[in-house]
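In this document, chain identifiers A, B, C, D and E correspond to the written order of the chains, with residue numbering beginning at 1 in each.
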Amino acid sequence: MNAILSLILSGGVVSMLVAIPLLGVWALPHVFGIHLEWLFGIVIPYFAVIIFFVGIVYKVVQWGKCPVPFRIPSTCAQQKSLPWIKYGYAEKLDNPVSTAGVVGRMILEVLCFRSLFKNTRVEFGSGETITYKSAKWLWLGAMAFHYCFLVVILRHLRFFTEPMPFFVPIIEKVDGFFQFFLPTVYQSGLLLGAALTFLLLRRLLDPKLRYISLVADYFPLFLILAIVKTGILMRYVFKADVVSIKELTMGLVTFRPVIPEGISVIFYLHIFLVSILFAYFPFSKLMHMAGVFLSPTRNLSNNSRIVRHINPWNPPPKYHTYEAYEDDFREKMIEAGLPVEKQAASPAAKE
Amino acid sequence: MGVNRRKFLKIAGISTLGAAAVPAANALAMNPIEWLDKQLGGFTPSEILLHMGHKPTGLKSREALTAKRWAMVVNVRQLDEEIAEACREICHKIHNVPHIKNPKHEIKWIWAEHYEHALPGQYHEHIDENLKKLPFLVMCNHCFNAPCCRVCPTKATFKRKDGIVLMDMHRCIGCRFCMAACPFGARSFNWIVPWPRAEDGKFEGKEPPSPEFPTRSKGVVEKCNFCAERLAKGQIPACVEAAQELCKKKGREPALVFGDLEDPDSEVRQVLRSHYAIRRKPELGSKPNVYYIV
Amino acid sequence: MADIPKSWKVAPPKAWNLTTPEELVQDTDHRRYTLGLEKGWLRTAPDVEIKKGMHCHAALPKRLEDVGMPNPRNWSVMDEDWKLPKNWKEIVLEGFKDRLERFRSFKLFMDICVRCGACADKCHFFIGSADPKNMPVLRAELFRSVYRKYFTTAGKVLGPIAGARELTTDVLKEWWYYLYQCTECRRCSVFCPYGIDTAEITLMGRELTNLVGLNIDWIAAPVAFCNRTGNHMGIQPHAYKDMIEFFLDEIETIIGYRIEPTFNRKGAEILFITPSGDVFGDPGTYTAMGYLMLFEALGLDYTWSTYASEGGNFGLFTSHDMMKKLNAKMYAEAKRLGVKWILGGECGHMWRVVNQYMGTMNLDLAEGSKMEEPVSPITGTKFENAKSTKMVHITEFTADLIKHNKLKLDPSRNDHLKVTYHDSCNPARAMGLLEEPRYVIKNVCNNFYEMPPNTIREQTYCCGGGSGLNAGEDMELRMRGGMPRANAVKYVNEKYGVNKLACVCAIDRAVLPNTMEYFVPEVDVTGIHELVANALILEGEKERTIDLRGEPLPGMEESEDV
Amino acid sequence: MLEKAFIGERKYWILVACLLGIMGVGFIMWLWQFRVGLGITGMSRDVSWGFYIGQFTYLVGVAAAGVMVVLPYYIHHYKAFGRITVLAEFMAIGAVSMCLLFILVDLGNPVRAINVILHPTPNSILFWDMIVLNGYLFLNVFIGWNVLTAERKGSPPPGWIKPFIYLSIPWAISIHTVTAFLYAGLPGRGFWLTAVMAPRFLASAFCAGPALLILLCVIVRKTTKFDPGKEQIQTLGSIVTYALILNVFLFVCELFTVFYSQIPGHMHHFHYLFFGHEGHGNHLIPLMWFAFACMTAAIILLVPSVTRRNEGILTVACVLVLIGTWIDKGLGLVVGGFVPNPLGKITEYWPTVPEALITLGVWATGFLIISLLYKVATSVKVEVGAGEA
Amino acid sequence: MYDGGKIIVGIIIGLVLLTFPIWYTHGMAPKRPEVKLPEKEKQCVQSKEYMKTKHMQLLDLWRDSVVRVAQRSYVAPNGTKYDMSLQNTCMSAECHAKKTEFCDRCHDYTGVVPYCWDCHIPPKEEPKEKPEEMH
């Protein structure tokens, strides 16, 4: 599976996914008079959300069932040792010895992508020199992507709640702070698209990344890009009947599903792709969302010299005992003047 | 959907080479900028883009008053406090100009000044005492070479083809560069919300007097618009109308005259032919379109 | 002396069959993969070329028999047939499943990698070799692809589309080749947004290959020796004592009198354990002399042990069980001798084991012993950070002494040295021992210079030969892996004239001299306690004219002739 | 490299916390202004620009001063400045950021700020100002960061950065020229309608900017292990001296033209600022005199090399220069231009408390940016062993 | 499960956050808003479908056309001409005389806050209102 094949495959799959609702909601009724809105608007979304929740919980429980036999945090700073050796806030966070430190480390990791922030790039100079350059673009792209995605999701609550919670209008206002176009362009949507494009270009332009990337890397990027694009198109270009859409989404969320009239196909396209993302989520690398919380190199404190860590399956010790060792070398030991437990093991001890 | 598609095709057609034969022939008759302007219906390409394929299909209404260059003549000698106040009142009323007591935040479209302020360069102590007392009606001069339009970074203030300098209150970012540029102090800024509204959208305190004309949001600049909205309906500016009515009543020559400066038969041209008229601060070269007969 | 495998003898540079360092560096073409048209890595296993100089020799059957490891046989890496057991696939997959169930780290790291590539250029082997499979992410993917095939639905159904592949002998060979091109240094895990630690995956991978008898002699032999004789070198008790006696002779010529340490002495307060590399190989031996002189200066009530005569633990590079087995001796011996606590010498992975595993695995063995929370008998400092394991790092111990002015030091004796410090990867990234060694160095040397920040502390580079890859036959691999470290040393050498590379790891002391010889011949490798002993003023010592290596001290060049 | 901004001593964090606190207060005040309108400021129909635009104008000068370090280093190969080019560039980043923020808080409709890009208007100087300011910000971020990165790697800066560096020199001149043109091209504002406006701006920029840089260098030396160097500070001191003399000279030229010609439209503004127009006294008169007293004192301190070489005196002189130019440009220039108004009337201006707090908030933001960047720069310098002068 | 407590708490927090809309609405969906259409006037400037989704763009076009190009007459697809004015045409007494019964219904339902009404004046909605005032 090389880069080109992966691209073709993942691109093809996403195109097919786009084609399905187009066929189902647009072509079928026109050609055969079959209406499948209920399938795309109700059945598939419900199905996807169920897979999403069950899948995530199942996966996390599976992880939870595995013990953490050893305490293996990556220690990215000075350990807590002698009282006069500096153990300040940076050390507490990067080499935590207390729960507070671990919580701080996890917060920084989950909310600020701290490890990515440390990223560097190796550069080869002339001759033998290797130099290191701080490389924050990936961090920036990842931050932009994840936070914009979060904002976009929170904004979508306007379709799933009535009345809206207080924070939704505030987010909308801030997100659309710079007013241009009608309806007002949300900056998060544009940034999300830009960040995704950056992440995709990275994979395509960096030979290292092109080599390691699999279909499973391109596919979610293409899928989310397609979701973003359909969303943007729906809001700004092809336009959809928002009231009917909200009727549908509210029906979904209150378990009284309805298919109102007059929702354009672009909406079904959008919701179908989102459903695919939901259903795909638990089986994919996207599970890093939950996994990051369980990573033993990050969520453990470095205190196993202070407190004993328990391994639930710790096997009984089997080792070459001193007795066996002395039996092996007793004579040589005595000869060398080393103390032994049993002075004269054999009566034939040499005088 | 259908309507929209037709429009879309129309736009698309303009931009494709195949359909360019006729416009190309037309293009020979005018300069490229004019041609493009015509194709775009007066909109810039970026504006067209912002409308996403909607091409304006508007027309000028038949009853609209049109001109090549609108101008006004103020015959100061025919003015008195009453007329000036009537002009100010009707203007501010129909345009929903708020009455703000704090002079720092005041908004004025048309108002009376003393000679020494209206024409500071031409003032001397020994001037006709009568003239000193007369209310000089001042307003936006709708300069032919308007410094405000020159400095506006968004074309929010712009000069129409008929010479009217207009404010696009939808576009103004409130940088107030135009206020610095205007040598006549004709521009006002909405320092506070002019017509405050409650959460439910109802007006707090006073309601604007005219439901037909929009109010403004805070943070935009505004000024006299030569009653562009009235011209479109075939009416002359409200101040001119009010002044002329009052003058008629008082048996005077009309204090305010309005018309097309490029039309030799227009009323303004006739008045200017028969009276000695000056303009404010002519040395700045802004070429005001408001003339004063003193 | 003891029976030492011939392969341990470091071959002279000429026999390394290497090009010049410049050529070696320029050979690392990181832009080799430019088009995306080459075969994707999922399909490359059959074509993997096992290059000479880039791998170690297979384990001899005797080693495995000694410790009861499976499938002992004579086999060679270069052979087509690796003589696997018939049901090898079953064994590996069963072992895979077992480890997925026992180690959350393994299971999680199989699931959540997003292949962002942040780790890619963090690996010294990738930097030095440009082999894309040395990118940590891809090293792990070699296992993930198999994981997907046998343990995930998507992989079972979609196969390569889901990034899954069959476990074939080619894949197994690829595993083996790249498992033993990873030194488990954890540098990649520092940069991973999810903390994925390739070392964890390599550890599991090595356990799996060991199940079917795929291993390297350079690990299997020490393991077998350590089990029987107590140390990796296979030094028997009398020889061990002989070695120390030899150091005592040397020390006598330096300080003018003889010191007399004890061995296997019951009732001592402290048990001292250091890697046997310090006792056996230069320049570690000078460090061992340093320990002896330091303890003499303090009059410490301590003992050496010939049974627990190994701090290092090649079991870590074999399997968790083997690690436990070899480590158990430390507590067993501490209990037998009735010491209060254990003092550990300068060692790398020994401290990883002590910090991360020892208490968890073997603390039961210390039950009923006289062991208690370590307290320095000289300063009275309680080592609270070793409360549970009761084992103190010697730089912690020495730093505490210096802080309390318990040592008479003359740092000017090290004035001819310009020292830089190499953070050994294990104490740095699996423990956090960063400041103590620096504190000690700065107090015993007047000229200390740091290497560039991206190459020290938690970002330190491996020496290139850790985790059992310190053999002679894989010299090219070692040089390639050591390149980033050597490059940083070269930088300070050129900038400040640094001529001494200090470290706290026996493997470093064994590996880096070759690397330095190759890349930066001006620089020598030393342990920290060699520097300490050089600066240390012992009571009643004669005026020092030579350092521990028998070379004249600064200002004493003439007195040599006297 | 950025991570270095997150590791510091207690003092550093106290500074950061204080700046964040001031920013917070300023932000709350701005939210109020955003809600209520610019009416909460002291500006009015007649004095329609005030403190904000004044600060903007002043800071453009500070930003442009980076060129006084870059130019001698890159064009005249004055090697000593190599140590501090990054400091100058990072100071410029902070200053330009403040400029942009001041424009943003001065807008009546900040939400429509994008209109400047959506409806590009080349005939507006403000449009060009937007371009040159953003361009200058980009150039300095780009150059500063790349040069520092190279320094950290121990390699010379990449060759492709050179064109950008050369471009940044005229660009620095341009930001001040264009800003001067904002004022100088307006008919009917006699105070500003002068061809020496741009040269005056440049002269005051080249004394205020380096003066601030000197102070920052002294602070850096005191608080970090990096010493920007004695020679560097001395050379900057000479630059301040000449530019200050030029600044005062140009002002005197202005005075001559205005008062000898006796044209009222030009003269009244000066009258108002320094004596009070037609009997109107105001807050500004003492300030304006104070400003010129400061500048005169600074000249007296700076011209003799004996006093200038004394770093303590140099520092005092720099403070005087900063205060003098700040009053002159940050307050006098803008207010003086609007009073009296085009109708010859006088409306007084004085900033209100919220206006001052917002201003302070923007300054705090700028200084936070400078602090973070300086933290990075000095850490890198120390790391690569450039600590000792 | 190992660390079961923490993991279960984590799962619960995650589920609670992710199912926010479900428990926030707790099964109560307000009815789809119905706008009150004009009684007399049956013909809008464009089709209903068009207006439903694109009225904002039409209004945007109108405002630019009126303010900037001085073209104030809109020619509907059926040839009828309309004065381009939100206040005076759309919201006239004959058409959508009540903002609260027309605009607001959908806007409130879908959380849309248009800034038209920052400046433009919605028609008075007191019952006493006389239609003559509109002239």
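Please note the rule applied: a residue touches a chain if its C-beta (ideal position, glycine included) is under 8 Å from a C-beta of that chain, and two chains touch if they have at least 3 such contacts.
Just so you know, these numbers come straight off a predicted model, no measurement behind them.
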item: Among all chain pairs, the one with the most C-beta contacts; value: A-C
item: Chain whose Cα centroid lies at the greatest distance from that of chain E; value: C
item: Chain located farthest away, centre of chain A as origin (C-alpha); value: B
item: Rounded Å distance between chain A and chain B, as computed from the means of their C-alpha atoms; value: 58
item: Gap in Å, rounded to a whole number, between the CA centres of chain E and chain D; value: 47
item: Rounded Å distance, chain B centre to chain C centre (Cα mean); value: 84
item: Cα-centroid distance, chain A relative to chain E, in whole angstrom; value: 38
item: In chain B, residues with contacts to at least two other chains; value: 47, 50, 52, 217
item: Residues of chain D whose C-beta touches two or more other chains; value: 110, 112-113, 115, 118, 154
item: Residue list for chain A, restricted to those that touch at least two other chains; value: 63, 65-68, 118, 129, 131-132, 179-180, 182, 294
item: Touching residues (chain side chain A, partner chain D) in the complex; value: 90, 117-118, 123, 125, 129, 131-134, 136, 177-180
item: Parts of chain E lying in touch with chain B, wherever the complex brings them together; value: 46-47, 49-50, 54, 57-58, 60-75, 77, 81, 83-84, 87-88, 99, 115, 117-124, 133-134
item: Residue ranges of chain E touching chain A (in the complex, touch as defined); value: 1-4, 7, 10-11, 14-15, 18-22, 24-25, 27-30, 32-33, 49, 52-54, 56-57, 59-60, 106, 109-113, 115
item: Interfacial residue positions of chain D with respect to chain A in the complex; value: 1-3, 6-7, 110-115, 118, 149, 153-155
item: Residues of chain C touching chain D in the complex; value: 452-453, 491, 495-496
